[in-house]
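Each of the next two complexes has chain A plus one other chain: chain B in the first, chain C in the second.
Up next is the complex of A and B:
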């Protein structure tokens, strides 16, 4: 059988500010059989997106395809004129980008955008194209396939938009689909549905696909073969099963190892007095009503405590209120009701009312070091400011402390004179962390600190944080959407759903059934590092389009819901024998019986 | 020195050329009166509207005064007043805009609406009314032009500052308990200075043109002093003879505005959060 795609000795070069060209992809060769799904896997900067774009005959500005050959069927893509390339793109090769939200035009209806490609290439009349689109919507398991096309991009959810983008790419029935991290920005529960839809539709149409990702577990579900990239060079190519079970290259081995979580911290929280106690916390946006409830409540009646030296993990999907929780504790968003106590002292709601010492004791570390560090200030100045501000150290004493901080987060002293833009993602995140440490806080609030990082770099940051926590006796609140991360670094875990604490318990307690149905859903949605996992998983109910009823917020998605009770009576707090507290009507035995089969291997 | 040289080399040639013109005229603000061959009011020849010659490179004006000297003396008014007014407009616009962006709330609402009101008055009409009410003097002209162009500078600075203010590093500074002054000076200003400088240049050009227009109408600088706009007006009669007296001040205005625009273009390549845009880069 002739290969659907054959790439030979591809080299892509990038020009830097001085005009010197350096290769970013070197001598890449691989082939793809018709109907096969090939994954390109690697860290950021490994050249995976560059190769994916080259398949469309495209190089990003500043880059150039220097040599090599890309044969699509009988066509040599790199030899085509600009005009011929236009015919090729969309028609024979199509592209699904990471962010569907950015790829859709907000001013046009979805149907208009999905059928555009077919009309542009003149392969169907408007009516035919719309019929094809509806068929695709159905194949991609979109709700209301007849009518979803009339909506505008902001009227559908992120997961639906990502599937609509796949419909856009498939409408012209291309031979090859290039998918560039299409599920990376999605929640785990949404990711499953999107992956399932992609896989089904690719198989049904017999299209070949190149799937670009950094996530081995996701790739394991969808790819037939995997190409492992690092620094623009292909390190290993092989069938999915072989790459996962018997990786040959040391780099592949480290990737497979990093995908399995390493437990850090203690299984049980240390016996220490609570540092931070939060009771009945209500916060949100908009003017408050007479009862103190904000117009748009984001957090409702949240209670928890963080002990000195322990680490609390907060997990939930996007929109669950987890980032808002960090902002409320830091005082950036004053709470509407409830109380926060720090070391027995009540903490005022707003920053303006807190004393400098209270501000010093709680520090916030943001997700993206790119936006959390002022791009026009040197690392020394970024770290020096909190030292000056909180501790009054100046001149040589301040410089000495900056050096010590850099040493603490394992950065060379020379990093002090750099601007953030001159550092790598992992280094920036270390500076971000060092700035929080500069205040010598008691509690650090970490908001998704590793989600923007590659697996290996993220694991190093987690190790560093765990070491620092022990060394300095810090407490941390670790916010993440990634269950693996939270389970591997935290002593205690709190699960938020729609602003409510639906489950809280020690790490050990969270690992064993029974769970709150939502926790169960989250745990069962994390892809496992083995092919076939996706097929074994049952369907997951996606987040509802509209907010649920006022009682149990999880009611519309709950597999164990009891109409007549759960949607009428607010669920009570229930203490389970394993040591965690959940917000549910169901008894422990019912939860245990109804839980998804626990396939996750125990961590400890 | 080496650093400066390498920085200069990265500026496009048009930007260097424009910058040189602007610097030349600014130097003439300070030195114009000293390097001019004659006094501004001195009648050097009985013949009026003389063509350019070695003795009088810009010819003579309608009273037989040396045009080169008149133009050099005029730089002080045209460039000096415009510079002062642009500094007032961009400076107050920048400070108010940044403070409004950081503080938000009622302060932002009051400032924004007040300046919106000002922006809704046509600038030429506003200028004419002010001059009619207070007479034409240098302080009135500077304050008038500065006031007219403040709202535009405020709008630009505020929207840039709101963009930077949405970044997490500003949240971090707020959570640390930093005051508005620190956030504005250390976190926001360094990240918006490039576009703000470009906007300053643009405002300067607008003010030069506004003042030239006022003087041309006879409402700007009053005789015996003359800025370039009034020089054009005085010598209008020479237009039919093709006298350089009417062309030279107009060319001086053109060279100043074109030079400033070239210099701005070289600066304007910086976006709000640093980093030069490379040509052809998407987005």
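Up next is the complex of A and C:
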């Protein structure tokens, strides 16, 4: 059978400000059989998106496809005129972008955007195109397929938008679909549904696909073959099973190794007095009513404690209130109700009422070092400022402390004179961390500090943080949406859902069933590094039920819900034998029976 | 969204009320008063007082303000102190002229500016874009009296193509309309088009950098359609504001043009009113200018609200 797609010696170059061209993809060659799904895997900067875009004959501004050949069936894509390329795009090759939220035009209805391609290429009349779109919406398991097209992008959820984008890509029945990290921006529980929908619809249509991702476990579920990229060069190509079980290239080996989490920290928290105690915390946005409740409550009645030298992981989907929790503890968002106690001393709610010493003892590390560090200040000034402010050190003493901090986060002393823009992503995150350490805090709040980093770089940051925690006796609160990350660095875990603490316990306790149904859903949604996992895993989440206001916030999605009880009586706090506390009506035996067959890989 | 529109309209009315108070306060602060101005240097104190009383100028300011405001609401702008005719009559004779000049300028300048701004955005960085950029900058930096005087010299005096003086009253045919209006409209366009071009170009370019535009290109959408059907709907808000700000200049800022072309518009009327201390006339003109400005800005805001799908479809 002839190849559906054949790429030969592709080279893409980027032009810098001086007009000098450097290759960002070199001599890339691969082929794709009809109906096959090929994964391009690599870290940021490996050139995977550049190759994906080149398949549509497109290079981003500042880039140019310098040489090579891309044959789609009988057509040489790179030899086409601009007019012919427009005919090719969408009709024969289509593209699914990473962030559907950004790639959908906010001012146009979804149906208008989904059918545009079919109408533009003259494939169907408006009526036919809309019928095709509705059929695709149904195939992609979108709720209300008849009506979802009338909505605007801001009116549907991220997971639905990503599926709608797949519908947009498939409407003209292309031979090849290019999917660029289509599930990276989604929560794990959403990712699995989207992956399942993509896989089913690709198979049903017999389309070939190129799936770009940095996540080996996701790729294992969908791809037939994997191409491993690094620094714009293909390092290894092979069937999925072979790449995962017997990687040949050292880089592939390191990728596979980094995908399996390494446990750090302890399985249970150390026996130490609590450093931070939070009780009955209520916080949110908007002006409070007469009862002191904010208009939009984000956190409701959250209790927890962090022991000295321990690390608490906070996990939950987007919108669960994780980041708000960090902002409340740091005082950036004053709590509406509840109390925060630091070392036995009550902590004022607002940052303006805290003493400099209280401020020093709690430091926040933001998710994105790119935006948290002032791009016009050298690293020495960024680190020098908190040293001066909190410790009054000046001149040589300050410089000595800056050097020590750089040494702590394993950066060369020469980094002090650099600007943040001259550092790599991982190095910037280290500076970000050093900035928090400069205050010599007792507690560091880390908000998704590795989310923007590649797996290998992120793992190095996690190692560093774990070492620092031991060395300096720090406590950390580690916020993440990634269960792997939290399980690998924390000795205690707290699961947030819709601003409520649904489960909390030691890492060992969180490891084993029975769980709160939401914890169970989270754990069962993390893809495993083996093909076939997606098929084995049944649907855990119950179909959403929007009937009435539920007392239990998880009621609408809960697979174990009991109408008549769960939606009427607020769930009680229940202490399980394994050592964790959950917010649920169901008995331990019921939870155990209803849980997924143990899917969490043992870590300890 | 209805709530938002209603609150925006209410805000507009409130601003108008505040403006009326400000206009009244400022005109009351003008040195001298109409009674002295009318009677001249040799008036006795008694005659001035008598005239003041008959004009109502002896009442306290807040009372005069309320009286004046009540008059405005019922369409009574008071009587001109200088001519002793109703202000409404004076304005009524001039306002249509001004509206005609402003309307003709808007009809020419807005489509022109949008077309140039959008095409410059489409081919940004090209020779055309740079030429537009340089030209708009140089036009906007030339003072309008220079543009007006130079164009009169060239087109009216030397070439004798167009009329140097414009009086709207003696228009009998379309050709004559063009002859009379060409120069003032062209001069005003020079002033306001440049800003509109620059702002609409920037608004479109801002949208063209958005990921959804790249997505449209990857869907095989042609460049013209990308701009008109994808980017433009998202840029309506900023463009409407740019147009409103530019057009607001046409309301009060045309005095130089009206003077040079001896055009009987409302700006000229107001300046005459100031020189004769004709307070009711000045106040009425000021209120018209402010109301026009507020109307434009409110319409632009409403456009921005209505074009935002997040507000239209909550």
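The rule is simple: the second predicted complex is superposed on the first by the 595 of 604 C-alpha atoms of A that agree within 3 Å, B and C clash if a C-alpha of one lies under 4 Å from a C-alpha of the other, contacts with A are read in each partner's own complex, and residues count from 1 in each chain.
One rule holds in what follows: a residue touches a chain if its C-beta (ideal position, glycine included) is under 8 Å from a C-beta of that chain, and two chains touch if they have at least 3 such contacts.
Quantities reported herein were computed from a predicted structural model and do not represent experimental measurements.
Engineer: If you stack the two complexes on chain A, which partner ends up touching A:386: first (chain B), second (chain C), both, or neither?
Structural biologist: Only chain B is touched by A:386; chain C is not.
Engineer: Please work out whether A:518 is in contact with chain B alone, chain C alone, both, or neither, and reply first, second, both or neither.
Structural biologist: The answer is neither, since A:518 touches no partner chain.
Engineer: Applying the document's definition of touch, where does A:368 land relative to chain B and chain C: first, second, both, or neither?
Structural biologist: It touches chain B, and chain C stays clear.
Engineer: Touching A:351, do we find chain B (first), chain C (second), both, or neither?
Structural biologist: first
Engineer: If you stack the two complexes on chain A, which partner ends up touching A:304: first (chain B), second (chain C), both, or neither?
Structural biologist: It touches nothing on chain B or chain C.
Engineer: In the complex, go through chain B and note every residue touching chain A.
Structural biologist: Per the stated touch rule, the residues are 167-169, 171-172, 174-178, 186-187, 190-191, 273-275, 278, 280-282.
Engineer: Considering the complex alone, what residue numbers of chain A touch chain C?
Structural biologist: Where chain A meets chain C, its residues are 53, 56, 58, 60, 85-91, 94-95, 97, 99, 102-108, 116-117, 120-121, 151-155, 168.
Engineer: Note which residues of chain C are touching chain A in the complex, please.
Structural biologist: The contact residues of chain C facing chain A are 210-212, 214-222, 225, 229-230, 233-234, 307-310, 313.
Engineer: Tell me, which parts of chain A touch chain B in their complex?
Structural biologist: My answer: residues 61-62, 330-332, 351, 354, 356, 359, 363-364, 366-368, 371-377, 385-386, 389-390, 421, 435, 439.
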